[in-house]
Amino acid sequence: MNTSPIHEKPATTPERLDFYRRLDEKDLAPLWETLATLVTPQPRTACVPAHWQYDRLRGLLMEAGELITAHEAERRVLVLENPGIRGRSQITNSLYAGLQLILPGEIAASHRHAACALRFIIEGNGAYTAVDGERVSMHPGDFIITPSWTFHDHGNTGDEPVVWLDGLDVPIVNLFDTSFAEKYADEVQPVVRAEDDATALYGTNMLPFGYEVRGHNSPLFAYRYEPSRAALAHLAQRGAPHPVHAFKLQYANPATGGYPMPTIGAYLQLLPAGFDGASYRSTDATVFAVAEGSGYSVIDGRRFDWTHRDAFVVPSWVSVSHHAPQGEAVLFSFSDRPAQQALGLWREQGRAA
Amino acid sequence: MNTSPIHEKPATTPERLDFYRRLDEKDLAPLWETLATLVTPQPRTACVPAHWQYDRLRGLLMEAGELITAHEAERRVLVLENPGIRGRSQITNSLYAGLQLILPGEIAASHRHAACALRFIIEGNGAYTAVDGERVSMHPGDFIITPSWTFHDHGNTGDEPVVWLDGLDVPIVNLFDTSFAEKYADEVQPVVRAEDDATALYGTNMLPFGYEVRGHNSPLFAYRYEPSRAALAHLAQRGAPHPVHAFKLQYANPATGGYPMPTIGAYLQLLPAGFDGASYRSTDATVFAVAEGSGYSVIDGRRFDWTHRDAFVVPSWVSVSHHAPQGEAVLFSFSDRPAQQALGLWREQGRAA
Amino acid sequence: MNTSPIHEKPATTPERLDFYRRLDEKDLAPLWETLATLVTPQPRTACVPAHWQYDRLRGLLMEAGELITAHEAERRVLVLENPGIRGRSQITNSLYAGLQLILPGEIAASHRHAACALRFIIEGNGAYTAVDGERVSMHPGDFIITPSWTFHDHGNTGDEPVVWLDGLDVPIVNLFDTSFAEKYADEVQPVVRAEDDATALYGTNMLPFGYEVRGHNSPLFAYRYEPSRAALAHLAQRGAPHPVHAFKLQYANPATGGYPMPTIGAYLQLLPAGFDGASYRSTDATVFAVAEGSGYSVIDGRRFDWTHRDAFVVPSWVSVSHHAPQGEAVLFSFSDRPAQQALGLWREQGRAA
Amino acid sequence: MNTSPIHEKPATTPERLDFYRRLDEKDLAPLWETLATLVTPQPRTACVPAHWQYDRLRGLLMEAGELITAHEAERRVLVLENPGIRGRSQITNSLYAGLQLILPGEIAASHRHAACALRFIIEGNGAYTAVDGERVSMHPGDFIITPSWTFHDHGNTGDEPVVWLDGLDVPIVNLFDTSFAEKYADEVQPVVRAEDDATALYGTNMLPFGYEVRGHNSPLFAYRYEPSRAALAHLAQRGAPHPVHAFKLQYANPATGGYPMPTIGAYLQLLPAGFDGASYRSTDATVFAVAEGSGYSVIDGRRFDWTHRDAFVVPSWVSVSHHAPQGEAVLFSFSDRPAQQALGLWREQGRAA
């Protein structure tokens, strides 16, 4: 890969400057002044690797629980902002991530939006997410999706705080200028289907007779940790780990085999005890959450030591390797790989079979 | 559609401000401070409707031809910058557009990039575009694509200036942090196939025996104006015009029936003399170039009178209607509709059959 | 639907007969003599509705177990021959069905063929099917596929006879002249993966990271009765039964959402106690096996009273209704609907939502 | 490939014969008696290679024109019957072919059927085929499709006999018991669209704005010889011929890139002067018609010398090589390859790149 710019900015002369001024008046600009920054030989992201230690955040999350109600906040979330692009509510150039807290008795009111959302449960039991008339309880390790334009609300009917990691494609929606959102007429949508209805119907390798796929989203929206973890354990017993990814599965839409949502893919991977992963990079910047155990990742040459419940981010085209010297570890992750693949933009490097 | 924000920003108190400061130190931010601007009830683009009159630009283009060579500029393009987002080299929030000039005897050197590009020829004969070893001559009205990561160079072997409209998905590529680019080793790539080879092979409703689709791009990359215009004329003889679009066709990938490239769709439409179009809006902001005739469009309530070779842009979710009081007119246009549809984001309103 | 023939056979004259004789010498034939039988206004199948009572067959099956070994028979199967087309080893015009018996200690040797096969377990525990190096135990109600060209053998390591219903697409394979078959070098293929490996990997709504679909067959090949039955029970609690199908699910390929094999679809349906189904017909002749309970079906005006373990067949375009006056019943069924749909041939009539 | 049967028929004993008789009474049959013929190690087709010399048939065709009117015959066709399976109106095990004659002033009345049909024009000008309200004139070398369930009629408004080769999937439709057919209320359907409307709309690499694919059939139904032949000529100038297929193209559905109809694919291939093709076989039995020139093919070891307007057939899995010692030749062909591929049954052997 050639890493020199495809163009060197031409010299600036008084005539040219004058010309640029006259262009400017007509909503025109000289491409040759910006070409080198618009079209770079490799992704030159402003995002940087970053790591959020849950133990150091948890106090702030709980403090937020005292400072503002879920009702007032609409969603009581601490956004994980990439240090390289502070102020934009983004963890990568295309994705949003945050830690959401809901306290016993609280409700996060029902709304819907064009952005699609995922939840990975970090801590606590007793909360639920309602999606299009169905409530699913949330337990640590569960992966739940809220597809585009589905009404959803959250509630905590238990007696302990519940925290989850949110991932949304808000920057993608906003790049395309396709944001829509509205509140539900009431704070909470009515429950019209039994809990785990979608899982019972779509989660067992059967589909309703004559089922036809409509739209881009999985009809199954809750992926429980236990069966996902069991599948991972099974994969780990089958053979040697992949040199980069160890043992890794992706959450699938049972009606298509594709990703659960069109813009965000999610993965669960097990690093066996002692795993020393090879270096790898891909264009889909990836957000990781530690589901089990401890270990470290080397991202762009820097070592990040992570443990259970931490989050970290690997920017686009930055090399990463994962290591589990202290015992088995499980990482949940998500990225915009489905969108990049659909648009013909995704690349990877260093993948060994 | 509810147009009120889904969330009102909570009151700011000294305690909260102090809290926000402490969040800031840990690369965290309170979602409730930004939610209303991140997730809007409707697309709230900074882009505005805009119109570039070719007659008023042409002099500047020719002046650029004197101020800088194609060699020095790499690509001698005047970028059409949306007045609402000046300085970002964008005509919409997701697309780039510009007018490129190549003078007799000049060459725009061979390079390739992840961004995909289209050309719609505005003026002049005698130039060519070379794509992956094949040269195609360019004539006014021709539509030519340069798919992602294909080497391409341009040359003018004729005796008059040649100008075309460029459209690229650079902002999409950069949102996803997936930019790659490199120069060809030489200024010009070798010609290894006859002119119009791809058209002869893929443009006649036949495909090579056992053909398998690979990747997202059309194997046909030059769509001549004459047959496209004839198809449009035929469509116009078949029946009444569509109330919004009059008579409109989209350029297609003959190997899939889909769009020629995964991120940008292109269209050609004929407004019959006297056409008075109904109002319509969609989420794919659209760039128009006038291929024939004169008329006007009402965009977001403002009237833009356009004529042959002009360009104008309709932002996302802004209403537009087209009118041809002075006789038949033909509009070429392009938008990111393929990407929006692939990602489940596209909407339209006001379309009557 | 017009049911008169599209053509009446012309009168036969001596001149014509002489002409036909001369055509015959040149491998030619006059279409007008056969058109009315070749192209019929409606499917005019020679197949008839039929019913096989398991209690009356079981003795013969066991007698077969004494008369011939699995080794000598290769597959000890009593073919269910449609009474309308005896001698062709077919239950419908496009499908084969049979009851296979394997006795304790026996092995049905490993082979593979272009035809794809399904098994629905009728009676007994202790047997297994091995598919491409993986053994799965078989239990009543399980649905197991043997996709095209996969080595498979069966064995009974238990202490009771095991019987299952076989369904194959042999007539389809032979229509297209695409039969291939070969024996495995040894009687039994080696076991290279753990039991239920495929279920553990592909049956939990996850897929291996970067999974790519190859071919037309499901990577999951055993669908256990318990989870399928539970999904059906869930469906039955959700609302009113469909007037024709009551509560019906189809087995799905988790990697695509499509049918498990390209030529045969399989279904499981629950008739609630007292269900009195409406009349319906479709072009995919369907083989039913009674998984639970008793009831009756009216096929082409004739009533067939069936009970647990029976099999019956509904020919193409013949009306059928299902009834469960004696309590809940569960029907397994299979048909060539996937093939008909892929080829644009499938129709149905009488389906109410 | 193992060519021995996967099973040897067991010995017949009196006890077994008695048992088989008792099975027979219950619509049962012992699989082990028929397994070896049902599931063969290779396609064991009854079809044989065959060749119809047009010069020797033409007289009979014209005689048919005197013996019966198009009106009385409904379709005046001499069926090309495969000598290995006489009496079944089939040229291969899955396809029908015939030569149809229409005389000046005649009409073949409008009807439709589930079977899909193709026409390859052999001789004469002045006739038309009407498909769903559009008439297309027929000229030698043109390829025209009549998709499933589209009303179609033929007429000859010129002054010479017109002959074409018909290809239909009647045996496939009948295997699946999915035949439907009906006559149009009148002899001729009304013409509601201009001639070549579909070609003008769909044949120029553009599609109507917002076009959505419905069903399995190409919206383009006439593929003229001139552009198809020109594409072939272009292909022949590009490089060396394929060792088996020389220069070969397939007719494509412009809305999908797939085959024009779901069951039958059609091809046009050019053998350059002196071409001496390599041997090849595939499971899709193929019907050839000679569009230009003379040459010979070696099919299953037998040499068939063919010339302009002849037809010949290559059965499934029988080796074939093509030779053009006397100069350039062009072959049109069709087969059921699309169906075989959709059902996962297609194989080939001997294809060199």
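Each chain carries a letter (A, B, C and D) given by its place in the written order, and its residues are counted from 1.
Just so it is clear, a contact is a pair of C-beta atoms (placed from the backbone, for glycine too) under 8 Å apart; a residue touches a chain by one contact, two chains touch by 3 or more.
Since the structure is predicted, the reported quantities are computational estimates derived from the model, not experimental observations.
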item: Same vs different contact residues, chain C with chain D, by half of numbers used; value: same
item: Between chain B and chain D, centroid-to-centroid distance (C-alpha), Å; value: 43
item: Length of the line joining the C-alpha centres of chain A and chain B, rounded to whole Å; value: 30
item: Where chain C touches two or more other chains, by residue; value: none
item: Chain pairs in mutual contact under the definition given at the outset; value: A-B, A-C, B-D, C-D
item: Sites on chain C touched by chain A in the complex; value: 193-194, 197, 200-201, 203-211, 213, 220, 223, 227-228, 230-231, 234-235, 237-238, 242, 245, 248-257, 267-269
item: For the chain A and chain B complex, residues of the former touching the latter; value: 1-2, 4-7, 10, 15-16, 19, 22-24, 26-32, 34-35, 38-45, 47, 50, 52, 56-57, 60, 63-64, 67-68, 72-83, 86-87, 89, 92-94, 96, 98, 111, 113-116, 148, 170-183, 215-217, 261-263, 283-285, 315-317, 336, 339-340, 342-347
